[in-house]
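Next come two complexes, and both contain chain A; in the first it sits with chain B, in the second with chain C.
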Partner chain A sequence: MAAEPHAGLASARRLPRTLAGLLMLLVLVCVVSLLLGAGDVGPDRALAVLMGQGDAEARFVLGSLRLPRTLVGLVVGVSLGVAGALLQAVTRNPLAEPGLLGVSAGAAFAVALALVLGATATTMRVGVAQLGAMAGCLCVLGVARVSGARNDPVRLVLAGAALTGLLLSLTSLLLLFDQRAADEIRFWIVGSLAGRRLEHLLAILPSLLIAGGLTLVVARPLAAMALGERVASGLGHRPGLIRLLIIMAVALLVGAATATAGPIAFIGLVVPFAARALAGPDIRRTLWLCLPLGPLMVIVADIISRLLVAPSELPLGVLTALCGAPVLVTVVRARRMPTL
Partner chain B sequence: MFLTKTCRLAVASLVALLAFVAVPAQATSVTTAYGEIEVPDAPERVVTLHEGALDTALAIGIAPLGAVTTRGGDGVARYIEAHLGDDRPAIVGVVREINLEAVLALEPDLILAPPRLPEAQYRLLSRMAPTVVPLTQGFDPDAWRSETRLFAQALGREAEGEAALEEVDARAAELAERIAAAEASSAVLVRWMPQGPMVMSDQLFSTGLLHAAGLAIHDAGLVQEGKPHSDTLSLENLSRVDADWLFLATLNEEGDEALEAAKASPAFSRLDVVDRDRVVPVDGQLWTSATGPLAAQAILDELDAALSP
Partner chain C sequence: MLCNAPAESKLRQRTADTQCIDATTITAPAGHWRLAWRTPGSAEPYSLLVDRQALAAVLLLLVALIAASLAYLALGSSPLPLPAVLPALVGRGDMMVVFLVQELRLPRLAAAWLTGAAFGVAGCLMQTLARNRLATPGIIGIDNGATAFAVASVVGLGVSLAPPAMALVGAATAAALTFGLAAGGGTRGYRFIVAGIGVGAVFGAITQLLLAQVHIDTANAAYPWTVGSLNSRPAGAVMLLGIGLAFGLAAALWLTRALALMRFSDAVASGLGLRITQRRWQVLGVSVLLTGLAVAAAGPVGLVGLIGPEIARSLSSPRGVPIMASALSGALVMVLADLAGRMLLSPIEIPVGIVTAVVGGPWLLWILLRPASRNLA
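Let's turn to the complex of A and B:
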């Protein structure tokens, strides 16, 4: 920990360069995402389309299948990355992850409930998922607070795991009662980018804008809060209000991401971790780096999910969970649980 | 002793082969997965723990006292409803989880069980009543025929069972003539999901029937041996399920809604088969869960309706 301020200062100067490098990498990955898929349209035919030529089949696959899922991957990656960074900062817990804090499970449960009650409209799902996300998150934070040890990362994660388990079993229970919703709900238990369309993105645009605005507002006070709540109060910030705003932003972001792509595990955990490793502990720099890092991870995972079992596809949520679980274990074992 | 035995054999001529077995009065012997067992001659309190057994029993005119639910439902399959009299069977569990106490409460004198019934369950059930477990192994589109024969035999109505099978064959043959005349025979059965379809094996009960009715049903080479369906097919490869006919199984009652949902996907709506309007939404309970002669007739009914303009 002692070396970190220096590393932070050095990386502060490097930040624009790191950011530019990551953005270029992201552009590259997006192009690769357009070029590769589970189908017969290989890189050569896809490249022809990008050059403005190409056959009708290839144009369709790129324009109607690979482009939308890449864009959805961008949005979902940014949302989950930023939400993870905010959540880790506000809970002062490097293990906080939307999925681990009951946010994703809350969103999935809310959607299941809505489906069982007869809802099908896409626009409705976004709101429902976001409400569920917020409720799930507040529950976990409430439980962790009741137990009286806000700075104990493990306790928060345990509360989140318990609530996640509860919500998932309630979701299964709903499905048992109404198995006709089972087909639709499968998507809500394991996320995926396949078959998503641009309309889905339009539906979540408003909440993303609100969440983005909130993030801009809270970034500065949040950095002050990292110095301690008294310091933040002394600087004229109101920690209670900031926390509430952040929870709202996280719920909006995760709700939007879950509404478009279903629950995608571990992205919100790993991305801020990588960002902190690159940029040091300042939340503002972490947030900047989360912007390219989140989509980078989501889209790379999505490309792999297309190629692994072609001509079929793995759900993205399965892949991120498979990769994310070992990362979580490594992180927990490697460090003595740094507090933020 | 020898004399009486001979007398009984003369009466029960059906089991002549089993002369060396000491057959008690009024009993038949059938071959099950757990060996030869004796069943009562005219069972009156029958419990079916397998959709195909319920189907067969109803087809040959016996109303079971208890039955399990269909997959994805909380009662018997919809197509079965039409064949039920006033005495509806009590629900004694779901396929994978039988409520043994509910079975016992019905005081069965014969239990018709699904193939591959676990031995532990068999032991418990067979203490309540003779339990008939078919010998089916793996996926075989024609396994339901031997199951139907076995259940019919156990119920003491072999002739009726045979007749039900012949009716199905005749119906399939009649449809096959019409399909041959229409010259459009390739077909695929899928379950639609927003991420892409799961292609159903061509070794299932329903796909086997379509084959018997003259459709060249195939799984687009996507289903692994011994699996009921493929993994979720990538939308990029959707053209692989393009065929003369596409059967869209859903567990929802609203098949048309499922079709609309599928059509919302650009990859689906550009299939030739959608263009030609030959996508047929079908009842997933019936097409992917049920077996038996009544189910066969119901599936052929749906096929008939699809063929008729």
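Let's turn to the complex of A and C:
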């Protein structure tokens, strides 16, 4: 919170311009995502489809494969970016990230459990993942409140890493029981945007709308809570209620993203980190910037994952870990750990 | 535990000379036995302090390990009676039993002993070096580095080195990265560990990347390295691990006294006559060597490096660094975990890495969340 007021004001004035620039970049990246791919349909044929012509094969590839994939990338990026920013603000910890803290792992475990118990429907998967994410969130925040980890961002991350490891091995234990579930889940659990259809998006849309509404409601009180809980309650907010609403929003967002694309780590760390660097410490501006930055990162990572080992594909989670882990190390290495 | 009169510190030797202590009149410190003897032709009497509690811990763990090993040999998909197992060890008795014991279970038991002991010692060394009980090779990314490189050699990136050599290179790379990145904060505190988590995440991603590129059969061949399993341990790697463990354990025991001093602050340790930088490199080297070789044999079962030393420390006296006890308890944990993995869901075998993660994860959380968190007891 030690940023000079001038810097804060300057970045506030710059905000619309930054936002517009990022949005243009995002549109550009989306077009690139439609144009490039691992298959035979090259940029020239894809461009013809975008112009309204093109052959049937290119039309099919764009309409049924690349477009849903790009849209899923958009939605997942927004969810994970906003969830990361919210979680960081409510734990006052720059390292809090749904993937690192075990929220995504909680969602993945819940989905695996549901599959083993015999559930198949996509819609059910979303709800179950959100319940699991909620449980993971409560665990993490319980940890942050119970122990001295509150004052030590790094210990919270360690506890999250331990929880993640535990949940992931429990998940693989569950999958040992059930070959069918293992087959169904194998490609989902590494985190990928490949093969997602528009129905998956429709299934998560309602919960995303609720989460968006919750975020709009809590943004102002959350900015007040950055000054401390006493100040926030002095200003007429109710910290306990706000925290509960945020946990619900984070669980809805992370659960939806995980149910669609599998557990993807580090998006929620890198995106708010970049947003804060651009917008200064105010959570409201950070949240605005997370909207274009999250999908930007996810879609760029997805494009790279398609091209790097073409004609096969890399799991998206691998790429985000490769980009995200250096950021984690940078944050930790900083001489004075930035506090929120 | 060991204490020779011509001590490492010259200062102490001089005081011993000037005071002309008669070897027979010295009484041992509380909780120790003092063994003293005089070799003919030397004026100095040699003496040895034996920490009673540490000795008791080692003996207790040894007995437990032998009991667990017998259970390991007797239990399985076809249970054998214990009276039949013992003669089968030396090749007598029913052919079938001899085959089961000598060809199937004994090599796996040996692999469990060796990998468990190696992870235990490596964990104990790293914890002492970093003065933090959470700084085990598994947590600071050394396991993942070794795994990534071992998988790279299996899926064949045009590298002709065998998995153990590659795992060693990977362990050394990961250790160098973690220590290099944490250089600003030193080896203390949690930042070092989070830097290690980051390094581990990168190497984990590299492993996935390698596995995603290759044919499914090749990926299956590399599978044991991704979860940690004793099922398909390569014989060459176990042999190399045996040699490496003999060397590493000897080196670690030789470093015991230095390690005991390293638990103090750097200033105190160097004031007591410890060449701290040199010793630190040696400790790190031994720990990396053991981790790399153990990962090459069994994959990343790194939580043994956390649980083993923890058990050893709770049994031993707080005065010394329990190297031997860590080796034994690491082997004990490994044997029990693999036995549980073989027995629990009997037709299906749970990889030992998953068993240790399910048991060790809550333990790790508990250590982190205890209200009064001591660093190293």
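In this text, the second predicted complex is superposed on the first by the 331 of 340 C-alpha atoms of A that agree within 3 Å, B and C clash if a C-alpha of one lies under 4 Å from a C-alpha of the other, contacts with A are read in each partner's own complex, and residues count from 1 in each chain.
The definition used in the following text is that a contact is a pair of C-beta atoms (placed from the backbone, for glycine too) under 8 Å apart; a residue touches a chain by one contact, two chains touch by 3 or more.
A quick note: this is a predicted structure, and the numbers were derived from the prediction, not measured.
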Exercise for the section: Return fit or clash for chain B versus chain C, each positioned on chain A through the superposition. Expected result: clash
Exercise for the section: For A:Ala161, select first, second, both or neither according to whether it touches chain B, chain C, the two together, or no partner. Expected result: second
Fill in the blank from the handout: Comparing chain B and chain C in the superposed model, the one touching more of chain A is C
Handout entry: Contacts of A:Arg197 with chain B and chain C, given as first, second, both or neither
Key = first
Practice task
Determine, under the contact definition given at the top, whether A:Pro315 touches first (chain B), second (chain C), both, or neither.
Solution key: both
Practice task
Have a look at where A:Gln53 lands relative to chain B and chain C in the superposition and call it first, second, both or neither.
Solution key: neither
Handout entry: Partner chain in contact with A:Arg306 - chain B first, chain C second, else both or neither
Key = first
Handout entry: Superposed model, chain B segment overlapping chain C, candidates 96-104, 150-158 or 258-266
Key = 96-104
Exercise for the section: Find the residues of chain A that appear in the contact set with chain B and again in the contact set with chain C. Expected result: 309, 312-315
Fill in the blank from the handout: Within the complex, chain B is touched by chain A residues 37-41, 60-61, 64-66, 179-180, 182-184, 186-187, 192, 194-195, 197, 306, 309-315
Completion exercise
Listed in rising order, chain C residues that touch chain A in their complex are 134, 139, 181-182, 184-185, 189-191, 193-195, 197-199, 201-202, 204-206, 208-209, 212-213, 227, 345, 348, 350, 353-354, 357-358, 361-362, 364-365, 368-371, 373
Handout entry: Of chain A, residues touching chain C in the complex
Key = 95, 143, 146-149, 152, 154-155, 157-159, 161-163, 165-166, 168-170, 172-173, 176-177, 190, 265-266, 309, 312-315, 317-319, 321-322, 324-326, 328-329, 332-333, 335
Practice task
Write out the stretch or stretches of chain B touching chain A in their complex.
Solution key: 72-74, 191-196, 222, 230-237, 240, 250-253, 265-267, 270
